[in-house]
Amino acid sequence: MLPIARRLGVYVVTAWVAVTANFLLPRMMPGNPIQTLIGKLQYNVTPAEVNAIRLSFGGSLHNSLVHQYFTYLDQMFHGNLGVSITLSTPVTTILKGAVPWTVGLIGISTVLSFFIGTFTGALLGWTRGSRMDSLIPTATFFQAVPYFFLGTVMLLVFGSDLHWFPELGAYSLNVTPSWTWAFVSSAIRYGELPMISIVLSSIAGWMLGMRNMMITMVAEDFVLMSVAMGLPRRKVIMTAARNAILPSIANLSLAIGLVVSGALLVELVFNYPGVGNLLLNAVENEDYPLIQGIFLIITLAVLAANLIADLVYFALDPRTRTGATA
Amino acid sequence: MSDTGSAMSELQARHLTRHFKIRVPGHVLSAKRIVRAVDDVSLDLRAGQVTAVVGESGSGKSVLARLLARILTPTAGELILRGTPIAAKARRSLAYASDVQLVLQDPFGSMNPVHQIHHNLIRPLRIHGASKDESRALAETALRRVSLEPPERFLDRFPHELSGGQLQRISIARALCVQPKVLLADEPISMLDVSVRLGVLNLLRGLCDDEQLAILYITHDIASARYLAEEIIVMYAGQVVEYSRGTTLVDAPTHPYTQLLIASVPDPSNPLSMAPHVGEQNLTTFAEQGCRFSPRCAQVMDICRTEEPPAFLVGESHTSKCWLYRDRPEASVELAIPKRRGEGATTTK
Amino acid sequence: MSTDALERRAAADVVAGAASPPSGSGMNERILQINDFCVDYGVDEGAVRAVDGVDLHLDRSKVLGVAGESGSGKSTLVYGFTRLLRAPALITGGTAFFNVGPASEGGPDEFIDLVTANEATLRRVRWTQISVVIQSALNALNPVVRVGSLFNQVFKAHRREMSRADRRTRAIELLELVGLNPDRLQRFPHELSGGQRQRVMIALALALDPQLVIMDEPTTALDVVTQREILGELAELRARFGFAMIFITHDLSLLVELADEIVVMYAGRLVERAGARALYDAPRHPYTLGLLNSFPPMHGERQELTGIPGAPPDLSDLPSGCAFHPRCPYAMERCAAERPPLAKLSEEGRYVACWLHVDEVHATVPVELRRAVPTTSAGEGGAT
Amino acid sequence: MKTLNLPRSPKVVLGLGITAFFLLLTIIGPYLAPFSPDDTSFAPNLTPSWHHWFGTTSLGQDIFSQTLVGARATIVVALVAGLVATALSTLVGVSAGYLGGFTDDGLSLMSNVFLAIPGLPLLIVIDSYLPVGSRSNALIIGLVISLTGWAWGARVLRAQTMSLRNRDFIEASRIIGERRWRIMLTEVAPNLLPVLASSLLFTVLYSIGAYVTLAYIGLTSSSVWNWGTMLFWAQANNAPLSGEWYWFVPPGVCIALVGTGLSLLNFGIDEFINPRLRESGLTARQRRRRGLPRRVRLGLTPVLRPVVAKASGPAATSKAAS
């Protein structure tokens, strides 16, 4: 089996596990989950809401577990993730409003952070021993700071104190969401600070990983060979970096999950209308159908990102293509 | 066979065969191919005698050593340890481990870097029943047997503090600890410095002469085989292509492959311009049908491409698996007793 | 073997620290002259001297063999004067003059000192004039780059004027030269066999028609049959293109066939230098004799050989005097006290660093070290 | 057995120092706290002063005391989670790597699945279903965190075990007749120690982050003081926007410091595992004193002339003293 097919298999299984976990978790709770849920809600529940909860559990609890499971799967495949308890809106509709913001914010900052971090890391590895090495302890510190804490500090310093950036939200209240320049520029303006804080928190991981790989690669014979061949310095660095980046990409699947996890909280800090904020609000309100829907969508998004990373990896490393493991 | 020697057979292999399934590169859905890594090999290891197996990488010589040590299970064939057949699929017993020991190629790799030398020597002793107190003394004795004196100087060292030659001697000492009757040495000198190689070869010679060990010496260096061995076996693509007692095989090679091998040995009396052009040995150049050497053979005939040759008797105690000698009698001696292919597993319950 | 020029320079060779480039009318034949070359690993107390005061020279189209065991400094020497050694290696002395050809048409050859050359100069010399075949071709070929791109890289860096088609034509030509099918250009290194990879390395090394090709154990990892084939091809290629070669190996018997002149290294120093055949027939240094006797012969009676007792020395803790003396069967008192210099013998082109020979008082020299050693001489060891 | 001899670089020493300091704080922190963290008897929103080193919250609690008391819960949960996760990853990784075959396929699939599911959302989902009572239980929270944090270590350990399994010394142990469990224990395991240590540090680091995050979003009991709950209250009372930096900065900096300490330690282990990452043998001081460049460029081996060589000619160089 080709490695790429193998990876695909892993992702399919992962998606299935996530879906199944979503199904099983509430049912593993002691007692009647629906009653527990309703008990947790601190206001009077309308029959419609009870129905919504029931639906999110795959129909009636009196049916067999297997029957419930298939009902659940069937609904999911038809895009029905249940109805939010607090908002009384289909979860899918809510997600449609939030997902673009998150994909934009986290997607762009992850890509930025990866490229800037990898580039700096390659440079650090190549010029090892130079003054630039003093970046390492700083980077290590930033790596250890929780995303949301860094976001908070930046919001305080650059938002409320210096007023360099707008403070909360995703766009100015003076514009309405539409594809106009006024709106887009406002969205960019409001996205800058959260983006910078995500990039700053996540960049050290890429940077240090790339630095280590670069140092390892510079010790390889083929890099020495490219020096012996009299290639220009730029080409020599490229040779080393081209090979050093492969493990970085191979590790993307681990890293993307971590970065997304951390970045979701930044939305809370900046009151950004994305999935992360939604999730935390849902948790606060114990809106279980919404929590499950969000978990599912995040997992699928991360899996998709992993798949892209894998495809890039397979494209960049010819050794994976032959499928030969002799 | 007239010249089996008076020495007693410690370990015999009969029609030993091992196949591996490998995935063929480029095929998406498990197109597997069977590689006959060791194919119908028979040999006798006798007390006080060195048998050399010569072959290039991919000839199956290392697999053969592991089959004989029984850390690999044969696909077919049997092993006979001092007259007693061993069931092929049976678990390797501790008794077998103490009778047949294997020394590996890489002296640096075959010592655990986190343990001192004494761990490497005392563990086998403890496994094979020595008490804690006596094993340290026995370990020192073992070091003396491989001329590492004084032994105390080595016991508490870590592997990285010693040279390759010393480590290989310790490897041999580790094998000797359990008092084996058969010592299998898989390229024991190929990773050593040139100047210490002979020391290790002479050590093996001494063990063979003084302690009547049966030694299998595996090598790619035919000159060292000639130096050390009483019997030489040349392997190609998992098969024995030529066998002789004494050095006949080197002095008057009959098989085209052996001739090629000998012509390739660096030799100041043999100008480089005579270098043969035959292409490389690898899985793709092994013939599936007929003689496995035929694609590279300079003297290839039609029959070579279709039929696999048996071993012919080309001299006294000298066989050659080549159609060039089809006028000679088929060898019915140790290495080519009549074929029983397919029955190989009968003795294995 | 030695040329006239070599003889003329002989006196200078034994003088340490000759800091001027070779000169004189015959010097156009000289392409490399190394004097008193030293390499250390680390500095101060932790320093280990890996190459110590080596003098070498090489003439056009000649093959110099460098023999020695691991840790003898043979690789450090060549990667040292080509300035390819990595930290913590430091060049701690000496010069390495390399002939870059006449500056103007018909003028005298110009020499540059590789040791003091700056990066730009080195880059100009690298591969156009000196190419290196690194020991393991698997590690030396970039695993994610097709063979064809490697050739492209070389041409683009040094032959800007070549068109895409020219580059391809030349690459195919080079592959055919080493007996490889042109379709190998499309392959990645891991798709080639060991021998094919080594051939690609050789083809790459010859791509720009260099003056000097350095071969660092190019065939050590290969099977004996493949090794033979490649060495045969190398000999042909050298005869055809006339590049000079430095060939490093631990296999002395292989060098005897291939090289014009051989130097033997031990513990970072040259212990013997001689014409290849002369060295084989009549080694002068006890270590050389020991090495030659470490290869069991393919012909003649089987007799017991002893090799060399002991183990190669630890560079950070070298024996006093001659580093070989603890292993030397001919060691004298003086050997432990003083280090013998590499001294010229009365025989043509022969140098040895051994007190047995230094005064040419032949009476002290054991007979094995003076007379030709026939491969079949009856030794004292009985047949086994 | 050889001890894990970490390179003594300044980075590692600093990392050890920081880690040791916070471990000490875990043990004695609550005793050092001048006030009870719940004591609301002080004036609210005091800026840092001699009495209240870190100031007070808007509820009038002493932030310094909260920080000291909070260290224990934070680090204990992280340690529990780290240890359990490392034990899990060792179990899965080593058996997958050593046994191979179907065992390997199954276990690898399992760890790959856990690697691919984003940890925090999973954690939030699991945690949100926990009964409120168990959210204050450090052990349960630690176990849940370890459930999402073991997979990375398992993958690394599996790869390492597989490379060890094929090493000659393992084969040598089989040849002398060593039993399989004993090979795993005495031959494989000691060689895994550095990887194991690195994996432990990584999971502790991850666990601190996960625990603090859970607390920050209010998914652990707010009655247990840890650095995350401090941040939760600060956020809930809008401290960042009202300029009360002294409320949320101390716990945040503590988290970052612990993390930095662990990462620095990990550098040391990385250098132990991969010798190429170690300094090249020349210290900065040596380089400066001998006039060598700060860094050695590839393909430009530096030249270091003996100090006296030029003046006195050939004899002064390092030729044989004869």
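Odds and ends about this structure:
Just so it is clear, A, B, C and D label the chains in written order, and each chain counts residues from 1 on its own.
The working rule: contacts are C-beta pairs under 8 Å (C-beta built on N, C-alpha and C of every residue); 3 or more make two chains touch, one makes a residue touch a chain.
As the structure is a computational prediction, the values presented were derived from the model and not from experiment.
When chain centres are taken as C-alpha averages, the shortest distance to the whole-protein C-alpha average belongs to D. Chain pair with the larger contact count among A-D and A-C is A-D, by C-beta pairs in contact.
Chain centres here are Cα averages; for subunit A and subunit D they lie 22 Å apart. Distance between subunit A and subunit C, defined via averaged C-alpha coordinates, is recorded as 56 Å. We define each chain's centre as the mean of its Cα atoms; on that basis subunit B and subunit C are separated by 34 Å. Averaging Cα coordinates per chain places subunit C and subunit D 49 Å apart.
Residues of subunit A in contact with two or more other chains: 219, 224, 227-228, 322.
Subunit C has residues 84, 86, 119, 122, 126 in contact with two or more other chains.
Subunit C contributes residues 69-70, 179, 193-196, 223-229, 231-233, 235-236, 250-254, 256-258, 277, 280, 287, 290-291, 293-299, 302, 304-309, 311-312, 327, 375, 384 to its touches with subunit B in the complex. Note for the complex: subunit A touches subunit C at residues 219-222, 224-233, 235, 239, 242-243, 246, 316-319, 322. The part of subunit D that touches subunit C in the complex is made up of residues 280-282, 286, 290, 292, 296-306, 309, 313-315, 317-322. Across the complex, subunit A is touched by residues 11, 109, 112-113, 115-122, 124-126, 128-129, 131, 152, 205-206, 209, 212-213, 216-219, 231, 235, 240-241, 243, 245, 248-249, 252, 255-260, 262-264, 267, 270, 274, 276-277, 280, 284, 294-296, 298-299 of subunit D. Only residues 1-2, 167-169, 171-178, 186-187, 190-191, 193 of subunit D touch subunit B when the two sit together in their complex.
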